[in-house]
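Chains: A, B and C, in written order; residue numbering restarts at 1 for each.
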């Protein structure tokens, strides 16, 4: 038996083959499209020549045009606000729910299961549903807020420049809470019960136990959940398309939607690609954070 | 703590759970209620929280007019394909990435995560062009499955990696000592042990495939092969928006998966939380 | 008579196609219930050796999908395309110049079409399609509400001032009634609704910042600022806005003839239609020219078969009003009675309004020009800029695109 065959049968070759298989698939179906976007960002792309990879090279011209666009600052700020706001609330609410359902009371598993309902919905359906809930004149949310005296005048969630981004964020938080809750529940269940019992014997309060046991033991889970949350939020597209389309007057425009809008509404594929490249840079950082967080993992 | 106190505590927790679940599920409830209203009672002020006269014929209309059954079949076909491809291509990598701890593993993990940065709306043009020139779009649903799988893969790998981490290494090593090849130990010992975690992750991937829109919209030109997400947007045309019909379509679309989840949720949640995914 | 003509036409086709193999054409359209979808089905069912496969593509995605398909030569043979998007395809040679076929044709004569629709599909010396139909916008108003507010339902507002006064009188927050509904959405629909106001003030898409245009935009802004229209007008399309009118939540709405069927069926009040109000008595009228064109792709393998479908479409043009409430683009086609008194009363108003309808473009860069116009009115309506500044910025952006 040759060395290679032996390695494939008994050694590291087997592992390499498995990872290579997956990576090759991803590089072909996700890596090449990524590369295509990077190449486009340096070119002037004619809308009727999408089929070819090479067009007139214009260097950094597209980048200059994007940064000079008056909308660029709004988009940058909105993207940060949307991502951090969504992840913060999804995570906090998800964690609170995970802790709540971690107390075994009758029906707790059953109730936790109900929350998955939000997650299994197609993004498009969620968007359409929230568009309807948040409508200004006939929306049920406005009606509830008005009748409980929380607001005096209806809020035009989709059409008021002060609320449009918040409207999409609300829907996105609703959509993302179950995902956070379930993954965090998994992490909570992995903490050995005897750690808590020992701490309780030592007289630690519930709050102390949370900060000295729960949080440290959950570090790798929290890192993974937040990293995935940021990446998923940066990809959120359906909700924008269904609720505000980035408007009015660009007030709820975020990077991923703007990039699509430039490419497929104004047919300026070069500038659309520039924003895609910017997003790649951001996700590089987020992915690095995730990989670091796996260092804290313990294996049985 | 006395039994009485315990009971009272449980009752309080149960009530709180009931309230937050009701708040959380209200949007879904509103979808069902709206789908049963007439076109004019939809806009009534104050809104009707119970439909006075349920308009079941809206569902009949959707059923007859929009070929929803055909759309749902396509959705199931695509979701099944995505799940199979993702599991077959992804499980091995998840296992390896859980098994070792080195800079190369870090790099592989980083690359896998990185590759899911762009939303499908920005990936679809190059994929469309490449698939067309390779002839993959002769089989548009297969092409769509391949494209979606690249999107779901990183998530699956990360979930499954957690499942593989919970399997004691000694069991696998014992199998190797008994003369099994690595592949043999992987298939005979490790995969069965990680079964629950893989199944649950696969189920979540199935859901993503079931609801996918962007790739299906662009890669599948033939109406007869399109999934329900596309069928629904036909109801969102600028000139045919009727909220009750849209909500009825949405309800028909999601009710099967919701029902499956309510029936299976005990297994899913316990599969996720009690050991399988540690 | 109509049926007879169709039958004669079909038999003519049959004779010429008797020995040919069955040819399958593909057509992309927004809806298979639109006239071209229905006619294509009839055409396929005839024994003429030609079948047409219809694919529905969402209106919003039609151009993007078509570009992608064109890039990979997987585009259809025939497409129904929104008329402002036509020029981009015609100018790049994506569509087939039908001039030689039209010259041979006994059915299609370009001189029969109104100037507006014809120029939207003409580029250089070529003719790149036929109009599907035409539409335009006018002012619908709720006569019952007019009476209740002490306004004369027989003399609806004819000038901008009168429109503003009427909207003010008709607005009734306690009953959830807005004075007026329209669409100021950041999409082609918004451009379609706003451009006529600029044109009535003497401007045009390449001269968007004339003085009167700022006045028009100020009027729109007053509708918003004074609560005379729903704030959701900024994000709602025409169909949804008209829905609020039909439901009695708006006393007037600006929209087109495609609303007539639903309005006649859904409303429980007396309503009428009138021409779009002008800046002042005697000022020039303007309106938007909408609807789709049918075009054949230059790379189609069966151009003559595709053209035969266009001929069939043209032969059935009398049906587009009574069956689809779309207005024929061909001169001399009377709008046949539909049997519904309200719709038949509205018909002459739209016929007159259509005389003043103007094209958007034609310009190959129309989507970007349109976007600049949308940015203009939206930034003014949300209070980010004054009407004057917003339109000046839009004009500068449009100049940059056009040069």
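Some points to look at:
Criterion: a contact is a pair of C-beta atoms (placed from the backbone, for glycine too) under 8 Å apart; a residue touches a chain by one contact, two chains touch by 3 or more.
Not measured: the values here are computed from a predicted model.
The chains touching chain A as well as chain C are B.
In terms of the distance between Cα centroids, chain B is separated most widely from C. Between A-B and B-C, more C-beta contact pairs join the chains of A-B. We define each chain's centre as the mean of its Cα atoms; on that basis chain B and chain C are separated by 40 Å.
Chain B has its Cα centroid 15 Å from the Cα centroid of chain A.
For chain C, residues that reach two or more other chains under the stated contact definition are 61, 68, 71-72, 176, 244, 249.
Among all residues of chain A, those that touch two or more other chains are 50-51, 137, 264.
Across the assembly, chain B contributes residues 43, 45, 125, 129, 133, 233, 236 that each touch 2 or more other chains. Remark: chain B residues 39-40, 43, 45, 125, 128-129, 132-133, 137, 217-218, 221-223, 233-234, 236-241 touch chain C in the complex. By the touch criterion given at the top, residues 30-31, 55-56, 58-61, 65, 68-69, 71-72, 74, 176, 189, 237-240, 243-244, 247, 249, 258, 266 of chain C touch chain B in their complex. Put simply, chain B touches chain A in their complex at residues 9-10, 13-14, 16-18, 20-21, 24-25, 27-28, 30-31, 34, 42-43, 45-47, 89-90, 92-93, 95-100, 106, 108-123, 125-127, 129-130, 133, 146-147, 149-151, 153-155, 157-158, 162, 165-169, 176, 181-183, 186, 204, 207, 210-214, 229, 232-233, 236, 243, 246-247, 250, 253-254, 257-258, 261-262, 265-266, 268-270, 272-275, 277-278. Looking at the complex, you find that chain A touches chain B at residues 8-11, 14-15, 17-19, 21-23, 25-34, 36-37, 50-51, 97, 100-101, 103, 105-125, 128-130, 132-133, 137-138, 140, 143, 147, 174, 177, 182, 185-186, 188-190, 224, 227-228, 231, 234-238, 256, 259-260, 263-264, 269, 272, 276, 279-280, 283-284, 286-288, 290-291, 294, 297, 299-300.
Remark: chain A residues 47-52, 135-137, 156, 158-161, 244-251, 264-268 touch chain C in the complex.
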